[in-house]
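Shared chain: chain A. Partners: chain B in the first complex, chain C in the second.
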Partner chain A sequence: MLELFLGILTAMGGFVEIGELTFAVNAGSKFGYGLLWVAAVGTIGIIVYGEMAGRVAAVRGQPVFNLIRERVGFDAGLVTLVAAVAVNVLTCAAEIGAIALVWQLFVDWPYRAWVAVAFVFLALAVWVLPFQWIERVFGLGGLLLVVFLAVAVMEAPDLAEVGAAFMPRMPALESTQEYLLYAYYSVALLSSIMLPYEVYFYSSGAVEDRWKPADVRRNRLIVVLGFVLGSLLCVALIIVGSQFFGPRHVEPQLPGVVATSAAAHFGVAGLLIAIGGMFFAFAGAAIETALSAAYGIAQFFGWPWGRFRPPREASRFTITWLAVFALATAVILTGVDPVSVVEYSIVFSVVILPLTYLPLLLVAGDRRIMGEYANGPIARALGWLYMGIVTVAALAAIPLLILTHGGQG
Partner chain B sequence: MRWHAARWVRWLQVAVGLSIVGALGFATFVAVTGKPQSTLYITLGELRTRAAESLEIARGSAASRLTPNFVRAQAAQLASRIASLRDALADAETHDGVADARTARPLSERLLALTRELAERADTPSAARPIERELGAIVERLVPLARSARPG
Partner chain C sequence: MSGASRTRSRSAGIDRSIHLVRDVVDHEVVDAHQLPCGSVDDLELELDPRDGLRPVALLIGPGAWQRRLPSWLAVIARWIAGSAEARVPWSEIAYIGERVALRRTAEELGLGSADRRLGRWIARIPGG
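And now, the complex of A and B:
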């Protein structure tokens, strides 16, 4: 029972990362509650595919990239792998940059010095901590972001209006450019909630934790409760954007600016809790993306992998996640703005979503492989519905990025 | 099923690739053949939000609800972004939206000076009050300017 409870809390605390923080608050500031429905659509989507990934891992002991190689073949699978690793490195770079920005708010060292410290810290954390501790320390620490739920409540939003905004609708905007920007934010917010690394990490984690078919029910509870509670944080961030930042003409890009909303209501304590929560959330996401890239490569090429193995037994896997941290750090040390990296990592993430999810959907629905644990009618219908949604989003993502000048307008 | 999965994933890869190539082609075609579209409204919108963010920091500092180091570091992070926007406005003065850029440029200079002053005097909350007032005035001037520059 305690394991289940901790699993739900870590899923909730690990839900938000720099991309979701930025896009959710900005979506609220630009469009009010107009994109709350996207948060609901994205949450159901990540529940559907997260549950499938956990179930397949529990029943077959196979994580996502193992399935991709097996079902799609080497050539097509390799294209997906390369795209997924590139996106993971970009996302990891964005998280490392965001960690440095957050640490600067506590101790005013040069930004690049903090980036280097972040690299050492993250590498040590993964090297030293057992897998379950990595999940728990950063997942539970990320729960400090609950302060934004309190801020959202303190802002006294119109609950009837909030409730109505969960129904998909097209708002009345002033120009074609505004509609394009609204579409861009819809795709980006959906992507930030359904980030593919979450599914890679979750399914690999299930194998690391040696889940068995008996864990299928536990998997369902963790995914549904953890992700629904996590999405409450996303909803709270949209409300904070709409109620606090919108009227002040602020469309925040820097994490520290987002934290000022907590300070406005709860003073220095609120500020420190918000910044602390951001640190744990970003560090957790950096670790998950680096490990996800290493999981993907090791699973695809059939190398021994997993944090449950000593580094010597899984040497290529260990070198890979260290290399991902190093590469991501190098990207940020070039001086590129981490906020820009966030935008590109989120948009490119949605492009690989259907390539990742299709093999998973086909395997999870196959009775010859999954037996009694194969997708039922609801999972099958939702799975195909979301395959259609993420495919449309993937096709629209890059054109929207270009037409909106990188999401700026 | 393996054959189906491979074929469908290949189709998806081709479709996504075509959407990227098509979007890049369209953007190149417009850039080569069309009238260059001004993006000054983006710069002005960003300048407005950076000014409003500096105002929030000044407000929080004056009310002692932000720590001095937070104010110092956050104002410095904002200042580097404001400096980039000021440079972009200087470039815009010679290209497009001359009138708006000329109006906004001195505002960006003052905004940068105030944000740097906020960082330098982070240990003295009372020093943030006059900065807050002046930043408020800059935000009030930038809001209509950024709005009127938007296309449509």
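And now, the complex of A and C:
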């Protein structure tokens, strides 16, 4: 029972990272509640595929990249692997940059010095902490972000209007360029909620935690409740963007700017809680992306992997996650703006979603493999529906990125 | 190898038809202690006058999967991963399930040597 409760809370606290924070607040600031329904669509999608990934891991003991290689073969699997590792490195880089920006709010050291400190901190955290602690420390710490739920409530949004915005609809905009921008934000927000590393990490984590078929029910509760609660944070950020930043014509690019909304309502305490929550959320995501890259490579080539093994017994895996942290740090040390890295990582993430989800859908639906735990009618219908949605999003992502000049309009 | 090759693997002690492409190639390989020690990157087949194509060995390692890549990509992959390759005789297979399980340890079969070599270095770091 406690395990279940902690599982739900860590899933909730680990839901938001820098990409989602940026896109949710800016989506609210630019389009009001116009993108709330996209957040709902994304949340159901990540629930559908997160549940499948956890179920397959519990029943077969196999994480996602084993399945990808088995099902789509070596060549297409390798393309997916390379793309997944690339977006994981980019996402990790963005989170490291965001951690440095957060720390810089407290002590005015040079940005690059904080980036280096973040690298050492993250590498040590993964080296020292057992897997369950990594999940819990950063997942529960990320729950501090509920302060934005409080901010959203204090902003007294019109609840009828918020409720209505969950129905899919297209807002009336002024120009074609505005519609393109709206489409770009829709794809980016959807992608930031359904980031592929979440599925890689969740399924590998289920193997790390040694889930058995008996855990299928627990998996379902954690995914549904944890992700719905997590997406409440995302909804809160959209509302904060719409109510607080929109009227002030602010499109926050820096995490510190987003935190000012908490300061406006709850003073210094609110500011500290918001920044603390951001730190845990970004650090958790940095760790999850670095581990996901290493999980993927190790699983694809059949290396021993996992934090449940001492590093010497999974040496190539260990060196891989350390190398991902190092590479991500190097990307950020070049001085590239973390927020643009976020944009690219999110847009390219959506491109690999279909390749990640298809093998999962095929295996989870295969009675020969999954027996009584194979997809039922609901999982099957939603699975194929979302396969269609992410395929459309994947095809549209890069053209939209170009047409909107990277979301600049 | 042919995409349709099926075999009856009596040597593996399983009296059922195994679809080589579906059930063996690209599956994870574990040793006698359930330690992952590679994926089935390629197969060595032999033409038997009575049975047709018969699998003889599992080929595991960068050298084996590089043959499946376009040549320009294989050059890059060789530069990154080297071209080591291990050959595991078909008779070493204990059973074929979700994974291909071997009868002996990775070390005895010459698998996972890169991991053990690096592991000796990592073991020197505190907590490694």
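We take it that the second predicted complex is superposed on the first by the 409 of 409 C-alpha atoms of A that agree within 3 Å, B and C clash if a C-alpha of one lies under 4 Å from a C-alpha of the other, contacts with A are read in each partner's own complex, and residues count from 1 in each chain.
In this section, a contact is a pair of C-beta atoms (placed from the backbone, for glycine too) under 8 Å apart; a residue touches a chain by one contact, two chains touch by 3 or more.
No experiment lies behind these values; they were computed from the predicted model shown.
When both complexes are overlaid on chain A, chain B and chain C end up sitting side by side without clashing. Judged by the touch definition given at the top, the superposed model places A:E372 against neither chain B nor chain C.
In the superposition on chain A, A:S315 contacts chain C only, with no contact to chain B. In the overlay built on the shared chain, the residue A:A396 is in contact with chain B alone; chain C does not reach it.
In the overlay built on the shared chain, the residue A:E178 is in contact with chain B alone; chain C does not reach it.
Within the superposed three-chain model, A:V351 lies in touch with chain B and out of touch with chain C [touch as defined at top]. Of the two partner chains placed by the overlay, chain B and chain C both lie in contact with A:G73.
Between the C-alpha centres of chain B and chain C, as seen from that of chain A in the superposed arrangement, lies an angle of 130 degrees, given as a multiple of 10. After overlaying the two complexes on the shared chain, residue contacts for A:T260 are found with chain B alone; chain C is out of touch. In the superposition on chain A, A:V268 contacts chain B only, with no contact to chain C.
Once the two structures are overlaid, the count of chain A residues touched is higher for B than for its counterpart among chain B and chain C.
In the superposition on chain A, contact is made by A:R248 with chain B only, not with chain C.
Superposition on the common chain A brings chain B within a closest Cα-Cα distance of 6 Å of chain C.
Chain A residues 70, 73, 77 lie at the interface with chain B in one structure and with chain C in the other. Touching chain C in their complex are the following residues of chain A: 60-62, 66, 69-70, 73-75, 77-78, 127-128, 298-305, 310-316, 318-319, 369.
For chain B in complex with chain A, the residues that touch the partner chain are 1-2, 4-6, 8-10, 12-13, 15-16, 19-20, 22-24, 26-27, 39, 41-42, 45-46, 48-49, 52-53, 55-57, 60, 64-67, 69-70, 72-74, 76-78, 139, 143, 150-152. Chain A meets chain B in the complex at residues 70-73, 76-77, 79-80, 101, 104-108, 174-178, 248-252, 254, 256-257, 260, 263-264, 267-268, 270-272, 275, 351, 354-355, 358-359, 362, 366, 391, 394-396, 398-399, 401-403, 405, 408-409. Within the complex formed with chain A, the chain C residues making contact are 26-29, 35-39, 41, 60, 65, 68-69, 98, 112, 114-116, 118-123, 125, 127-128.
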